[in-house]
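You will see subunit A twice below: alongside subunit B first, and alongside subunit C after that.
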Partner chain A sequence: MKASYFEKVGIGIKTVVKGMAKSLTYFFKKPVTLQYPHVRKKIAERYRGSIRLKIDPETGKFKCIACTNCEKICPAFAITLKTETPEGSKKKELKEFYVDLGRCIYCGLCVDSCPVDAIEHSNVYEVAERIKDNLILRLDKIGEKNV
Partner chain B sequence: MEFASLLNTFLGRVILSVAGVMIVFTFNALIAVWLERKISGHIQLRLGPMEVGPHGLLQSAADGLKLICKEIITPQGVDKKLFGLAPYMVFFPSLLMFVVIPFSDKLQVQDLNIGLLYFFSISCIATIGIFMAGWASNNKYSLMGAVRSIAQSIAYEIPIILSILNIVIITQSLKLSEIVKAQSNIWFIVPQFIPFIIYLISAIAELNRTPFDIPEAESELVAGFHTEYSGMRFAVFFMAEYTNMFLVSAMATTLFLGGWNGPILPPVVWFFIKTYAIVFIIIWVRWTFPRLRPDQLMNFCWKFLTPLALVNLLVTTFILKIL
Partner chain C sequence: MEEIKDIRQDFYVNMGPQHPSTHGVLRIVLRLEGERVVSSETVLGYAHRGVEKMAESKTYVQMMPVMDRFDYVSSMLYEWAYVGAMERALGIVPPERAEFIRVIMGELNRMASHFVWVGAFLLDLGAFTPFLWVFDAREKIMDMFEEVTGQRMTNNYFKIGGVHDDITPEFLKMLDDYLKMIYQRMADVEELIESIVFLERVKDLGFISKEEVQSYGLTGPVARGSGVMIDTRKTEPYSVYDRLNFEIPLGTKGDCYDRYRVRMKEIIQSAKIVEQALGMLPEGPYAEKAPKVVKLPEGEYYFAVESARGLLGVYLLSDGSTKPYRFKLRVPSFANLSIIDKLLPGNKISDVVAILGSIDIVVPEIDR
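Now for the complex of A and B:
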């Protein structure tokens, strides 16, 4: 049965009051907006930010043994290693370690595949650059960006 | 010349009034736009403007500066004279309406004995400006917006006047200062609550604000009658809209909330507190409800508001006759 005129009026008043009350409660709630450049959200402990090389605290050198596992496993071909074997030694040594953040998909396979636990995720997530080449980072030099 | 003697000359009064009105006008345009953005933000769990000035207070000033700097574009095919004149036809009535607003017992430009009539007749002129804008723009959306605006204005003028008639009958006066004085004991919102609600709803409709914003419905008509306007001309329309919002709230304060009556604080402060409380309600309504369809809008006016206002008027007169 269709609502009569006065029933409709009653329903109208009820819904108007209900809607106004709802928006007023929202008015007094705490806003969810973060003032981004001034306030940053807390990053989770295991956040997969751009990668960096770990330093062995005993020797003060990079833990990396230049096995190139990370380079092989990287699905996006973001990691490039240059290694060299010094004369009179059988062990390869790390010469240059590059990561192209423009290619990196932040999957974390390099971190998982490292046999000596030499790579880790940092919590850096603001990596925007004006020039594409600046996204290619050399990680084996302390003092470079993101290291 | 001394300040007091300047007040007594006609020219002095005119200059001071224009200066005062312009100050209130500018102040209100800045504050009301900021309030609107802040309140809408907080209702939607956002913060609103935060960057320019403390809590974004200077945002409106920055926006105004930007609009002033923009080029004034006159599109091809428009009626140039009407197109240029229309914003000011909307703008000047809102300045003229300030004349009768009683900010306090002494602060009033001119206490006309037909103040109420003056206010509501001047407010109708703005509709002509809106139609001029819509017609001169040579744009179907503008014209549709203008036509809708006129239909809406004519319809909602009736409940507004009917609700105000209650006050006029009670006070036996059209003079706004006397209406305020009559409320020194009890505000008219108490005995006349229904007319207050009718007035508020119709006033929102007259202002072309959501939920009655069919003349400038964004999703249907781009921006309605001011689709073709940009830069300073748009800013004039925009400021007029927010000034009208202030004026309508000021009139609601005068008629129903006891005007400048109030304890402790100075009368002017009371007047502004009450006015901005009404402004808050208008903004609150806007950010709560969706837009009505044109036929719903007309039905609501003719089938609900007008009969209710008429019945209320009848009851008021009946009670006054018996007492």
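Now for the complex of A and C:
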């Protein structure tokens, strides 16, 4: 049997009231949103934020051995390395290490590919900039913007 | 007579590429007669990035993060299909624990995807409160993902031979709380949604028959809404799904309401699978040793999983180098969308949104 128009209106009002009652129970619950700049969420430890180079606590120098693995594996071409081989030595040394956060997709492949565990993700996620070039970070200089 | 014909002229409306309810850059050209749709034409290509071609110039490992970026709502299921194809080629069998972690993550991701769908579908129909409720439920899943994988959406968590990291005690605690909450939340959402206002809009709308399911190659909840039992988890069990006990919800009539019901029931089923997998989770390593440089032996490899939208297949043709010779995806949304031009004619323009929403498409996987 098909409900008539007025019956339907009646059912409609009934269900709306029922829905309202249900919503009211949520009205008294604690809000789930955060007032973002004032209140910050706890970020997970494994969170993949912007890239940084690790410092060896013993020597106080960067651990990086300039193997360029991370540069090669980066799918977004975000890492640029400049290396040099000092005279009388066979080992390459790191000269400049740039990462372009505008290109980085925070995938973590560079961290996985490093043989000496010299690069890591920080928990920094607020990396917005006004000028695009500021997103290119030089990581091998402390004091320069090294987040 | 002549004048009346003039008034009833056909009228063309472009729905999209930036219509809010096309969920991305999809364009549908609607030919209208008054308020009725006479015919429609779907235009694709606005989000085409040439990913299948790009795969040929990226190594197998470099393609991993790209897999997250097709269907960004259920990204780990895509990783699963890709990793599965590579594991099949290399003959690596992931350890038990890894398989169960994959099942837990995959099902959570399916739930998250269905939550997005329910929210967006109802938003299209004009209901706002359920959207907030289901997005709260999804947000908690995203928090769990962040805890384990390090990212909320583009997780890059699956690796050849297992997963990237083990799950943490913190995650188990969050998951426990979540499973306690979710059944009540689903009951609340259903009670709120299923008012006559909603039912009148979605019932007896957009019928898909069983024959059409087969001839159009529809899969996923769209096919199951019509009562066709297609689910890769049951028909071709991969991973440890054959050891888990779960039901595949089926619809009867194949209208928008059935498709909605199927998805709502699937959320509950997924929660049950997660519960079971959690109980069966064995100790042990979470990843098998994988080669450092991935080179697939020459040949063709295919692996299919059930994504949140249907059958998802990854096909790899390898010539023995570090890059695929050909990379092809069989995506569910593309096939599911193909029926839309059949469904729309004859319906009112306000129903177009409901029908399109019930198909559940994600444009970046259609245009890839």
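By definition in this document, the second predicted complex is superposed on the first by the 127 of 147 C-alpha atoms of A that agree within 3 Å, B and C clash if a C-alpha of one lies under 4 Å from a C-alpha of the other, contacts with A are read in each partner's own complex, and residues count from 1 in each chain.
Rule of thumb we're sticking to: contacts are C-beta pairs under 8 Å (C-beta built on N, C-alpha and C of every residue); 3 or more make two chains touch, one makes a residue touch a chain.
These figures come from a predicted structure and were not determined experimentally.
Q: Taking the superposition on A as described, I'd like to know which of subunit B and subunit C A:I11 touches: first, second, both or neither.
A: Touch status of A:I11: second partner only.
Q: Please work out whether A:A44 is in contact with subunit B alone, subunit C alone, both, or neither, and reply first, second, both or neither.
A: Second partner only, subunit C.
Q: Given the touch rule stated above, what does A:V116 touch, subunit B (first), subunit C (second), both, or neither?
A: neither
Q: Determine, under the contact definition given at the top, whether A:Q35 touches first (subunit B), second (subunit C), both, or neither.
A: First partner only.
Q: Between subunit C and subunit B, which one touches more residues of subunit A when both complexes sit on the common chain A?
A: Between subunit B and subunit C, C touches the greater number of residues in subunit A.
Q: Counting only touches as set out at the top, which of subunit B and subunit C does A:C107 meet: first, second, both, neither?
A: A:C107 contacts subunit C only, not subunit B.
Q: Give one of first, second, both or neither to describe whether A:S23 is in contact with subunit B, with subunit C, with both, or with none.
A: Both partners, subunit B and subunit C.
Q: Once the two structures are fitted together, what part of subunit A is touched by subunit B and by subunit C alike?
A: Of subunit A, residues 16, 19, 22-23, 26, 32 contact subunit B in one complex and subunit C in the other.
Q: Under the stated contact criterion, what part of subunit C meets subunit A in this complex?
A: 58-59, 61-66, 129, 133, 136, 139, 143, 146-151, 154, 156, 164-165, 188, 191-192, 194-197, 200
Q: Contact residues on subunit A for subunit C in the complex?
A: These residues of subunit A touch subunit C: 8, 11-12, 15-16, 18-19, 22-23, 26, 32, 43-44, 46-48, 73, 75, 105-109, 112, 121.
Q: If we count contacts the way the header does, which residues on subunit B are in touch with subunit A in the complex?
A: 39, 41-47, 50, 284-285, 287-289, 303-304
Q: Quick one: in the complex, what on subunit A touches subunit B?
A: So the residues of subunit A in touch with subunit B come to 5, 9, 16, 19-20, 22-24, 26-33, 35.
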